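First up is the structure itself, then whatever we jot down about it.
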């Protein structure tokens, strides 16, 4: 089996260049590649185009990259809960492309499946449709949306093996599998890294062929954005 | 949770009508819905259009439906290993549409993902492209292929629960998950049926929302088409 | 006049046994509390979960298990988890039977605006555009008028649209209405103690009133 | 002149460390036997497996575990299993580095025919059209001439095509050739004991011979 293991986050992201396009897995703060985000902060790589469903919060997740002004453009579906983001957007410092969540996920998937475009009805008749090709199939109108073209995809999984196979935990799965498939180079950080052979081949969520570098992360904070509970 | 359990194969397929289009999971004889095929033989429903990667062998799998002349048209990628099939095809009794294996799988997936069409380069410049719309993206030519529209999908899984969630075993997975997503009505037969709650939500291959009827099959023969071994 | 829980309670009556349902943030989330026993439904959370359960007991929160509103939740027996592409795949393939969501404005031809106030709110559409473009059956839970007392049921939406010609039914603090195929809101039910005239006054779009309008049963 | 195992042995030299490789039925399958120790490759089987292992020991066959040729096989440490759509997704997305397959005919512009003989063989294309349409690097393992002694390396294919302008390299019992971007077979190596003249005689398509043609190292 091909060994994909690298030492740490800094090694994994060391060739990401200013101005490149990177995908970052996660939904809100759930399932985000915390270690690689810290490494990107240390590296101070800038002018990034980030494809990620959300932009983190002010002091965690992608919000930290925004604070350090490392992001030129965000492609997201929902960017609430972030004051610095709104400030940069309204001041024109940050370019933002808001697209429907399903379109975002499917444009990742399209890249992973080698499909140049997909059709979705999401956004038909709205400002999202402006400038886009539309087509009617069986009486329903669809937008043609292009597969993403990202230099790097950075994802977080629960378990991974040295061959790059990944297993996600619970809803921390979210965008991670489709982004893992979509990067020209895919970097995976995992909570638990095991030797090839320890994971059940039937239970792999992302086959190792899509993953170029993998390492075991540490000090996961896993911050909760909305702690909602009931009492016993 | 919604209970999808039906009594047996005969109950599961009882409303399949003459002339309808059905998908049948499996690759060769691996992972085929043996119990439902037997029930279709008993029901003698005819003029079926069958979407299945292969046509079984003469005396097993879909080959049995061919012998009873229940199939009007086969949509497959590979139909070797079947003398009766070749006879019916050459005599004109059976209509056959051969399409690339990846196109077959992706047209199923498209239906399950609500995508009206997909683009694939498979078959460009060949007789498969005849009459099909083509389009060039980034200098590469693709065929536009339509999502399948099947009345029923019949799949075989290893384990399932009463909520319709499915887990496949080994390469018996093959076309089953994508067909399970693609049927207007999806019928799943499983080797082991468990109460909802016994399967790990992280390890479900087909979420129950795609499955309308499920039952525990029996007497699985699981015939091997090419027994290849090595000696110790 | 209904409060938020009243609206949720009325909408819960639209939920039938065997349905897969997607609940938006806000009032729609409350609907889950009023689904009667014996009605088996499965709640979809578009970040990638079927079978959303209640909030966890204190101390049992799992940062890895959240809903589309980013709230900590639980799974149920029979739940399944999947990636976001499959989640919107099943939405797009119309496997979700009922979508309940909030709105800032609805027009008499079923357009909905609920994601953006130009120059003011730029949070993004999340999954709303996908949901309204694909759902077979959309119920909007909303206030009939805004804080300035202006109707939110309009001839045409003034805010940027989320989707066109898609809303089927609306439940407000005042009324239950359906959007007619050829345009117009048809009044079906009045909230307890609310008159037809009050509803008429609060509705800027074309309102159809046929026969006696019954009071809601809650 | 090489036998089938010789062809497989020569092709094995094209397999580099770290490659994901798809092996077609026939001679390509034999290539796996000649991949040197220390060269880590992962074999993809397009029915839905990465990390195809050897045939099982007698008595350990599993009907649920087969390759694209429907042969019983085994998995290896690090294997993963997936559905057919994802399998062809990774092929289409060019994640598979090398595809080795058989052919009935190859043309001097890289067209390949390997799935149909009109009126005679109607088995279907299986995954061959997907593989040749998407693979970045295709090596064809084939006999240079057919049983009637006619060349299978042609100016144009006479059989129905599997794919156009896709074959990069050809290994036969006589020679190793590359298909040039602008058309034509360039002779790279001779099989042991085979002369350039013999190769020339067996090649109907345009053959380019530049300088001394070395004998294969096996």
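The letters A, B, C and D name the chains in turn, as written, and every chain counts its residues from 1.
Basically, contacts are C-beta pairs under 8 Å (C-beta built on N, C-alpha and C of every residue); 3 or more make two chains touch, one makes a residue touch a chain.
Just so it is clear, the structure is predicted and the values come from calculations on it, not from any experiment.
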Request  = Hop across touching chains from subunit A and tell me the fewest hops that reach subunit C.
outcome  = 1
Query = What's the chain with its C-alpha centre farthest out from subunit D?
reply = C
Query = How many angstrom between the C-alpha centroids of subunit C and subunit B?
reply = 36
Ask   = Once you find the CA centre of subunit C and the CA centre of subunit D, what distance in Å lies between them?
value = 56
Message = Can you work out the whole-Å distance between the CA centroids of subunit B and subunit D?
response = 28
Inquiry  = Touching at least two other chains at once: which residues of subunit B meet that condition?
reply    = 106, 113-115, 120, 169-170, 173, 201-202
Message = Which positions in subunit C are in touch with at least two other chains?
response = 49, 75, 81-82, 85, 89, 91-92, 134
Request  = Draw the chains as points, connect those that touch, then say whether the picture is a line, ring, star, complete or other.
outcome  = other
Chain-to-chain touches, reported pairwise for every pair that qualifies = A-B, A-C, A-D, B-C, B-D
Key: List of subunit B residues in touch with subunit D within their complex   = 27-31, 53, 76-80, 86, 89-90, 96, 98-106, 108-109, 120-128, 158, 169-178, 205, 222-232
Note = The answer for subunit C against subunit B in the complex is residues 18, 20, 40-42, 44, 49-51, 75-82, 85-86, 89-96, 134
Key: In the complex with subunit A, residue positions of subunit B that touch it   = 106, 113-120, 137-138, 140, 142, 167-170, 173, 201-203
Ask   = Of all residues in subunit A, which touch subunit D in the complex?
value = 1-3, 111-115, 161-163, 165, 181, 195-197, 201-202, 204, 207-210
Ask   = Can you name the residues of subunit D that touch subunit B in the complex?
value = 45-49, 54-67, 69-73, 75, 81-85, 87-89, 91-92, 111, 122-130, 133-134, 160-165
